[in-house]
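Submitted below is the structure of interest, expressed as structure tokens.
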Amino acid sequence: MAHRDHTLRWLALASFLLVVIACFVPGWLLNQMLFASARGLAVLGLLVLWRAGLVSLGGALFFGLGAYSVALLQRMAGITDALLLLALAAGISGLSGFVLGFLLRRYRGIFFAMMNLAFSMILYGAAVKNRALGSTDGFGVAQPSFFGITFAEPADAKLALFAVLVVAGYAVMCCVHWYWKSTLGWLGAAVRDNEIRVEYLGYSVERVIHVKYTLSAVLGGLGGAFLAMGLGQVDPDSMINWVASGEMLFVMILSGSASVAAPFVGSFLFELLRTYALEVAPLAWQFIIGATLVLLILFAPNGVWSIFARLFGRAAAR
Amino acid sequence: METAIAVLLDGLTFSSYLFIVSLGLTIIFGVMKVLNLAHGGFYAWGAYSAAFLIGRAANAGWPDWSGFVIIFASALAVGIVMGLVIELGILRFLHDREEALVVLATFGILLMLEDGIMAVFGTDPFFAHQPMSALGHVDIGGIARDVYGLTMIALAFAVAVLAWLAFKRTRYGKLLSAVIYDREIALAFGIDVRRLFVLTFVAGAALGALGGAYVAPTTSVVPGLGMEVIVVSFAVVVIGGMGSIPGALVGALIVGLVRALAVHKFPELELFVIYAVMALVLIFRKEGLFAPAKPRRI
Amino acid sequence: MSPAIEVIGVAKAFGTVVAAADLNVAVASGEIVGIVGANGAGKTVFVNMITGYEKPTAGRILFHGQDITPLPPREITQLGICRSFQVSQVFTSMTVFENMLVALSINRNRGLRMLRDIRQAPLAREAEELLGRFGLAAQRDRLARELPQGMRKLLDIAMALAARPRVLMLDEPTSGISSEEKFEFMSVVMGALAEGNVTVLIVEHDMDIIQRFVSRVLAFSQGRIICDAPPAEALSNAEVIQYVLGTDHAVA
């Protein structure tokens, strides 16, 4: 009963179309797409943890780490190449996640969530207190170069960045998709369902969690790095604060866990919702988010994606 | 020396209202296994209601001490009304869901409650100082302190004793212990778990509102109050052990004193210091200081 | 040839409660041993200690001569001792087939192979085959949490077999299964085990099952082994009758 998995082909097509569309949309929309996709990467990282039954209230930790790594590498090491910056930021986040993972893999449920929150607060405190890092104002990130080319027009640089993001995003989606079909990926669901069984089948639950934590750190850092370059600046309040973590969680719930592409769609919806709501009813913004969250959890706990899937009759990928 | 006394008194004052608020939070968790982030909303509504009504009362020429009556009345009203609406209207449908999802739902409710405040009371700050002014000052260790702050400590103490008595000596308390330990078996014994849930939620909400209402005269009541308090109460409850009343007491003491220290020494890093302490506690005691014992799984 | 399992001077105390006191037992390869005793006699603690879930407060446990006392459950599983549980431990959100697949792949795919797709032909075939041996083939696509009690227990045992153990410990396999079905259930289980020359230890309350399926009985009472003999002898032993069976239920 082999079933052919066309997900990756559809994703490739969608990614290609996305880059084409990006060439023609107005600047503000490109920005939305850029920020949404960057955040989507981080949310995908959260989703990896969610599949193992873990919720992190500190997603902003690695997101902020990635963003600040880019800014600092640029300022202190003079690195301007986008790809190098991305690789280094992802590496730094991943390494931090790996190290922190030794401690955090012992926790579950609300304690796991809170420990992550605690560490993200610690990073926040460090960033805010530090004059050299610009305190609450943060500091700017210069336009990066791509394979040595520096674009004269900022708009072109944005487009190039978006193209890189889409390619990177596609690669990431492929990896995570394969990961979720592999034994290690299935172990996430196994750990969520029954830790004792996993141990008694001969595998270490803590190691499973550690791997997932490191992976989510890499994704978070990558997302933050893209945002830093796309936004042109880093600051603690939008990137390391617990509010940022909360937004990521909201997007995760909105997107659901059905597919690797879900976080990106959800993130984009969130950006639209936010822009629209802030324009139409700036004081009711919190209420709208709150109400949406409650309604989602009551009626669509598998996220918006599951509504899509039901509408189009396609079974959601596991 | 003066700073030490100041820190100690500030710390005890913080601990007092933190305890009252966290007690509500931990009871709700212990009985219903729901980590109710909307609790911050009860606090905020309690504070705003009390501040608003005290202001109105003062304008209408009521005596200053009437503020105290208003405080307790608002707390009760907010607890009952909001508690009932939220439990019966929303939480009732989420009882069998995953813990994390329920927490996020309560966060959604918190956001709605916070915005609701701005819609009803506006965004200007309230400052209803009458009850505090009515009690005047007293000199402790060379510093003038509000008597009001001291009464808050007394209130927390009274609440702690009442809670202990209610839990250990009344029939309601015993039923609660049964449900906390095992909901299904309690049901099998014919305990009306649903009604207990509603009662507990209302009681917890009233405690949250009381914390806010009693604090209102000491500070200017502004939007965002609810968020601020829930972030700290959350840490208190996690440090103390979720569902544990002595845990809430010890947790509140620790966090209150740590916070007082932070406010005096590193003002911007309040939250950071509190959460660092929480992380430290969790490193040594994975589930908080007084986490309840778990039965054998296999 | 060293015995499969050797328990030497093992004791376990929970504070003042003595769950096990000076246990000495050797089980040879291929034996089928029944473990009986009243509730609280220490049977499950015994199983838990051998499988690493709990650590004895004194004594050692050897597996083919190797000291496994300090090892955690996952390492003991890897060495070749598996168990089933009183309350079946399965992956509730997955189908029966997926449960089996995950169990097999944890055992077969190690290291980098863990990154390969889980639904590969050889593994899938083995999963089907194992499910078939336990009569679960028809339930293949049913969610584990929807299985009736008996089938859940079968799945639990089948998953324990996925790791190709040399020693299998079954903790009250027939509890919760109706009396008429117990024999059939155990026949299915023992039949599935027959092919592997597995050493089996069965904790059981039902003496008919014990008489029918095991060749040796260990009777526990208050943390001690009060009798170690073939079933006929054990079940007519005076102490066993007094402390395990109850004088009303003496088996002739």
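Note that the chains are named A, B and C in the order they appear, and that numbering of residues resets to 1 at the start of each chain.
The criterion applied here is as follows: contacts are C-beta pairs under 8 Å (C-beta built on N, C-alpha and C of every residue); 3 or more make two chains touch, one makes a residue touch a chain.
Just so you know, these numbers come straight off a predicted model, no measurement behind them.
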Distance in touch steps, counted as few as possible, from chain A out to chain B = 1
Most central chain, judged by mean C-alpha position against the global CA mean = A
Mind checking the centre-to-centre distance between chain A and chain B? Centres are C-alpha means, answer in whole Å.
-> 34
Between chain B and chain C, the Cα-mean centres are separated in Å by 49
Please work out the Cα centroid separation of chain A and chain C, and write it as a whole number of Å.
-> 44
In chain C, residues with contacts to at least two other chains = 85, 89
In chain A, what residues contact two or more other chains?
-> 196
Within chain B, the set of residues that touch 2 or more other chains is 298
Going by the contact rule at the top, pick out the chain A residues touching chain B in the complex.
-> 55, 103, 106-107, 109-111, 113-115, 117-119, 121-122, 124-125, 128-129, 196, 242, 246, 249-250, 253, 283-287, 289-294, 297-298, 301
Of all residues in chain C, which touch chain A in the complex?
-> 51, 72-75, 77-78, 82-83, 85, 89-94, 98, 101-103, 105-107, 109, 113-119, 159-160, 162-163
Residues of chain B touching chain A in their complex?
-> 35, 90, 93-94, 97, 99-105, 107-116, 118-119, 123, 231, 234-235, 238, 242, 266, 268-269, 271-273, 275-276, 278-279, 282-283, 286-288, 297-298
Sites on chain A touched by chain C in the complex = 2, 178-179, 181-187, 189-190, 192-194, 196-204
